[in-house]
Amino acid sequence: MNDGPGQPQGTLAMPSDRAWRGTVAIRFSHCDPAGIVYFARYFDLLNGVVEDWFGEALGIDYHEMIGPRRIGLGYANAGADFHRPGFMGDRLDCAVTVERIGQKSFTLRIHAFRMSEPVLVARFVIVTTSLESHTSIALPDDLRAALERYQENCQ
Amino acid sequence: MNDGPGQPQGTLAMPSDRAWRGTVAIRFSHCDPAGIVYFARYFDLLNGVVEDWFGEALGIDYHEMIGPRRIGLGYANAGADFHRPGFMGDRLDCAVTVERIGQKSFTLRIHAFRMSEPVLVARFVIVTTSLESHTSIALPDDLRAALERYQENCQ
Amino acid sequence: MNDGPGQPQGTLAMPSDRAWRGTVAIRFSHCDPAGIVYFARYFDLLNGVVEDWFGEALGIDYHEMIGPRRIGLGYANAGADFHRPGFMGDRLDCAVTVERIGQKSFTLRIHAFRMSEPVLVARFVIVTTSLESHTSIALPDDLRAALERYQENCQ
Amino acid sequence: MNDGPGQPQGTLAMPSDRAWRGTVAIRFSHCDPAGIVYFARYFDLLNGVVEDWFGEALGIDYHEMIGPRRIGLGYANAGADFHRPGFMGDRLDCAVTVERIGQKSFTLRIHAFRMSEPVLVARFVIVTTSLESHTSIALPDDLRAALERYQENCQ
């Protein structure tokens, strides 16, 4: 699995103890006929983790960004290594770390664990966009400040 | 976007003209409140492309693999670069190429275009598994042969 | 199942031969750990049938209604009787009939068959709304005319 | 809306104060390009409410039913009246009541409120099935007893 592009490297490195953590409860409908979490559903669940992290760790209301402020939080890149299957009834602890803060985008890494067992590592490049033009815009000041603060606190 | 792991590299390289292509029609329900295709839904739609490609290009029934044969086609890694937003009513042409054939897994690349415009490039590492034990197993012979034939035909 | 409110009655009555029919291919991701189509996914798939029916039978672009025209097609009521489970690989023929045309809403019935076998019958009360205020508005003239024409042609 | 079959009647009647209540947080991905909760997603979210209610109110593990016990909890009928649109950031209180306990099925009603405002009322006819044969089976004794106890406690 180290054979090329597309995979987070060193994904088994542990996130900081000071990283914010959210919990995802795996439900019946998250699973597929193979009896495990459907990979596309993971991306949806992790977007929910990002939403909660915005509010709870950054102090910024995700829905207010999209709604009243009309700032999109789009994905330029999304990827994940799936280390172990997830099952109905699992409770996954998801730790969010900020890997990079750019001009118009930032990169998050999410490590999901079942107890202490690594289940997946995802990496998202999120771009701030105008919801009128669907083009990228500079990170809003409050978001940039919050990301910097969070990143520093995690070190 | 060349700044690290997690991104397909050289993703704008064109797929072979001989690659199989499927079409995805973007519907209302594929889109989010930002008015564009929700990124997690793309992964779901692309799994549908893989299903169709199995049947039409490889000559192997995807559902029969999962069902009667009890062989899982799980994701060890999934990632995508999203180059342009997708909108309701778009019809995306999705070209599938085989990038790697391993012992227990293979890697696909899917380029999606709206007319000639690149919309996304995805890369999937798919592992064959036993649906009893959820552990990886060697690629079944018919699948390996079909992948090799397809890969060769695309060159 | 005739024991109360909430169920379409007489749902096994056959739709008119002149009703428009769309096809839904059941995929891996439409199914749940019980190995059959997940009931919520059916509602999503049937919304896709309604989209196609708009364009092909009514001659009205569903996405243009929602997008440029800013007219919502919301659900005041949605319900279905599930007669038989759906499985991966099924191809369901879905016949759409117009049951009622009101001032601000209309009622559709969709019968889905696997070959000649009834799989489900759904009934949708769809309300036209302003996407600014999210309140109901009168059916646009072109939509009303198309619904009336369709209803008449099916008799 | 009292004009025929398919609609829960008297849906604005309040559920018992003793009914179990679960909370659903409305996320970005639950909403559609119209900016409101996508109707099919409601059915998915309500299935999650039923899962939680099984564990917390009935004392029966939903996932254990489906998994180790191989008893399906399928939908013979599902329907909802949508009274008001749901928006990102809403928190819906969902009260579950048992309307009917049959031989091989039972009927639930779920009232969802945003604060005291009714948002939707759903009605589900859930059938217990064998996951081997996908045919209905008698309600298991523990489930029947728990449903009766719950129904009685709510009166």
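We call the chains A, B, C and D, going by the order they appear; numbering starts again at 1 in every chain.
As a convention for this text, a contact is a pair of C-beta atoms (placed from the backbone, for glycine too) under 8 Å apart; a residue touches a chain by one contact, two chains touch by 3 or more.
Please read all numbers here as calculations on a predicted model, not as lab measurements.
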item: Interface sides of chain C and chain D: same vs different residues, half threshold; value: same
item: Selected pair, greater C-beta contact count between A-D and A-C; value: A-D
item: Averaged-CA centre spacing for the pair chain D and chain A, given as whole angstrom; value: 30
item: Approximate Å spacing (C-alpha centroids) for the pair chain C, chain D; value: 22
item: Centre-of-Cα separation between chain C and chain A, whole angstrom; value: 35
item: Of all residues in chain A, the ones touching two or more other chains; value: 28-29, 33, 35, 38, 40, 44, 47, 66-67, 88
item: Contacting residues of chain A [partner chain C, same complex]; value: 28-29, 31-33, 35, 38, 40, 88
item: Complex contacts: residues of chain A adjacent to chain D; value: 27-29, 35, 44, 47-48, 51, 61-64, 66-67, 88-89
item: In the complex with chain B, residue positions of chain A that touch it; value: 1, 3-10, 33-36, 38-41, 43-44, 47, 66-67, 72, 74-82, 85, 99-100, 107, 123, 125, 129, 131, 134
